[in-house]
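If you scroll down you'll find the structure; I have some questions about it.
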Amino acid sequence: MAEKLDQIFVQAKHELVRWLLCHVPGAWAEVLSALLSIATLLVAFAALFALTTLLERKGLGRIQNRYGPNRVGPFGLLQPVADGIKALTKEDVVPRAADQVVHFIAPLVLVVPVFLALAVLPVGRNMVVVDLDAGLLFFFAVGAATELSVFMAGWSSRNKYSLLGAMRAIAQMISYEVPLILSAVTVVMMAGSLSTVRIVEVQAGFSGWLPHWHVLTPWGLAGFLLFLIAAAAEANRCPFDLPEGESEIIAGYYIEYSGFKFALFFLGEYIGLFAVSGLAITLFLGGWTAPLPFVQWVPSYVWFFLKLLSLIAFFIWVRGTLPRLRMDQLMSFAWKFMLPLSLINLLAAGLWRFLPEGLTRWAFCSLLLAAAYIGLGRSLVQRRNLGRRTYRFAE
Amino acid sequence: MLGEGIIKGLAETGRNFLGSYFEPDRLVTVQYPEERLPAPETARTFPFLVYDGDDWQKGLRCVACQICEKECPPQCIYIVKDITKKPDYIGKLQFQPKVFDIDLSVCMSCQICVEVCPFDAIKMDVEFELSTTDRFGRLLLHKAELAKPNEYYHKIHPAEAAEVDARLAAEKAKALAKTQADAAGKSVSPKPALKPLAPASG
Amino acid sequence: MTPLHATLLVSALLFGVGLAGALARRNAIGVLIGIELMFNAANLNFIAFWRYGPHPEALTGILFVLFSIAIAAAEAAVGLALIIALYRHCRTVHLDKVNSLKG
Amino acid sequence: MTADFLILSLLTLVGAVAAVSLRNLVHCALALAAALAGLAGLYLHLQAQFVGFAQLLVYVGAVAILIVFAILLTRGSDSEPDGPPATRGWVPGAGLAAAAAGLVVAAILSSRALAPSLQSSPEAPVRAIGEQLMTRYVLALELIGILLTAALIGAVIIAMTLPSRRSAEHKPQSRTSIPDL
């Protein structure tokens, strides 16, 4: 029964493809199967996007002792629908000085790769659109295109704020991509594979009550936290939302976008967050595996989406808590703290691999990472609040 | 150590989040169309005309003196005086406005009309839900929409209305006393009637 | 025409376009773009010969391209740094105007 | 000669032509990114998965961004108001390029050694690439590491302005020497 429930979507797809093959030639089987997977993925994540916009506004409201949206539908549940209708019916304003073609293409260049990145995330047992041999590399490769789209949006608008926002965004994305990839590399070292499916399989299984998740090791915990911070910076989430700081550069690179194009940027940003959170789950939180042995009867995709929702909730919580960083703080945090710590984490992961199992390797790796954390953190804090700012003109 | 502040901050916002579900006092937002706060005594939006008695056409306090029309800074009041006097609600003959219009889209709620009115005939309303799709028709209020009973005035501004009523009653009593005194004095001598009034007005 | 021929033709045309760009552009960055295109045309050749060659299991072509990509990245970084230094020195990146030997 | 090959090579070539012929340099850089993405698609078509993704990561993610940054940092280089985007001697340049390309094309078309090309479908698993890198090509890998480090440091030093020199040289223009984005 549990098995059946777990594989219900996989079975449904097979049945559907079989039924469709009665009507179309057999050579189309692969195409049909891929199209069905893609459609399901698009619908599921678009629905999750709608839900998340609502949850975010509700959660932020509660953190600030407000209600949040509660007018459209019961408990405000239809608010995303209202937002969507609003975005679709709004006038699409393009500045006269803008570079029309680049301005038009930029949102597409953001949305398409971001959805492509979802293709390698295993959302359940046997539920992945493509199991690529170099899946992780694929994820980061298509993620690279978003930087270009941000630049295109910022440059083509012919607005100094949008260009500033784009430059900030690119500088930030490039800086945080280094610790992001380095902390992912630790997992690749352990799993011995770049395939996301294989990485999840490595983490399946229990020793006693504890699952074999990577986050439950010293290097995994450090890697997970580093990955989460870098992911927040990659997805332009608070406290790293300088590129779109409303109060300083009035929404940054999408200042000149309105209507449906703005909605596309918004969608792209959230799907990017889901993708990178999904990758964090795949790499460190055991993907679709159950956290405890006796709840394994719960379908695997439920676990994946539960983990995804809790990570999103964490991001919302952080957004409701932390103020935005300053640009120099952002950069010194990336290069003086994140990068050395992720390199040391790489070392710790290597040691973990080659030290004999037991308490010694736990103690050794934990001590190494804790010492690095305290030392780097102290040096960062001592330079007066994450590095002192030097003013060029306003001395 | 690095990160302590972040954890403290997260705890604080977490407490806010959970607290908002268990302590209703935290949520200060008024859910406006369903629940509304009572308007304060001194609240004001736009003017209305007060009438006494039951029939608004007879009971209007306004005598069409047109002071408010002249004083109104944005000139949103338009009055046409009736040529003949008509009996008011107690049967006394009075001038009455034939037309009394206020353009709410022009009015700036300055309350000068209320201050200059010698008859306490125009007062400020607290009604604020005036949005309409017909800007020229629905925001130009005529006499019929402007006239509201004295009881309504008592309801929205109780203290002020009581004061006004007391003053009006006192003036009425004084006028009554004066007419009686006049009636009494006319038989004796009409001349000293002005004398006791002079210090009172000064 | 075999697939190998087609791929090599694409590579040759790409090289020609890149060469034309490198020779004819006035702007230093434009020249760099042309050089990048030529680099990539060469890489395509390696992949094509690996794919249709007699010993694909040796992975020589793939590894050569990987190294070549790494070198191209380094080349681009240094080249652009040179262009920025040039701009700072001469206030222009138009190669016609950079014609004095004396700094 | 399949449809996907045609589409990808068309994208690559059109992008390349646009990259060398457009007037606005930012457009050139974006066209270059499109051409290199098309090339990555060609690699995938040729079953070199790892190389294709590496190409996307390095070229679209890093080199294109680097070029764009350089364009914005060298002010006034993004447009060429005076005259054509090419040098005065563009005719010999283009002619030389056309001759070179024509020569190569003729060589390819007339080559007999290429004729019996194999129709195998080889695989390049990541594990095999990694093993090769760590055994047979380990020296090259280390050299690449040194090269990249040297390039990194060199680029920083070339592009860096020393505070003392800058203030000495550009004192009168210190307001204009700040890159105006």
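Per-chain residue numbering starts at 1, and chain names A, B, C and D are given in the order in which the chains are listed.
To be clear about the criterion, a residue touches a chain if its C-beta (ideal position, glycine included) is under 8 Å from a C-beta of that chain, and two chains touch if they have at least 3 such contacts.
None of these values were measured; they are calculated from a predicted model.
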Winner on contact count, chain pair C-D
Distance in whole angstrom between the CA centres of chain B and chain D is 77
Chain A and chain B have mean C-alpha positions lying a whole-number Å distance apart equal to 60
Whole-angstrom distance, CA centroid of chain C to CA centroid of chain D, is 5
Chain centres from averaged Cα atoms put chain A and chain C apart, in whole Å, by 34
By the touch definition above, chain D meets two or more other chains at residues 50, 54, 62, 69
Contact graph of the chains (line, ring, star, complete, other): line
In the complex, chain D touches chain A at residues 26-27, 30, 33, 37, 40, 49-50, 53-54, 56-57, 60-62, 64-65, 68-69, 72, 125-127, 178, 181
Note: in the complex, chain C contacts chain D through residues 1-10, 12-21, 23-30, 32-34, 36-37, 40, 43-44, 47-48, 50-54, 56-57, 59, 61-63, 65-67, 69-78, 80-85, 87-88, 92-96
Chain A partner, complex, touching residues on chain B are 1-3, 6, 9-10, 12-14, 16-17, 19-21, 26-29, 31
Seen from chain A, its contact residues with chain D in the complex are 102, 132-134, 137-138, 140-145, 147-148, 151-152, 155, 160, 163-164, 167, 170, 174, 177, 192-194, 392
Residue set of chain D touching chain C in the complex reads 1, 5, 9, 12-13, 16-17, 19-21, 25, 28-29, 32, 35-36, 39, 42-43, 46-48, 50-51, 54-55, 58-59, 62-63, 66-67, 69-71, 73-74, 76-77, 80, 83, 85-90, 92-94, 96-98, 100-102, 104-105, 108-109, 114-115, 117-118, 120, 122, 124, 128-129, 132-133, 137, 140, 144, 147-148, 150-152, 154-156, 158-159, 161, 177
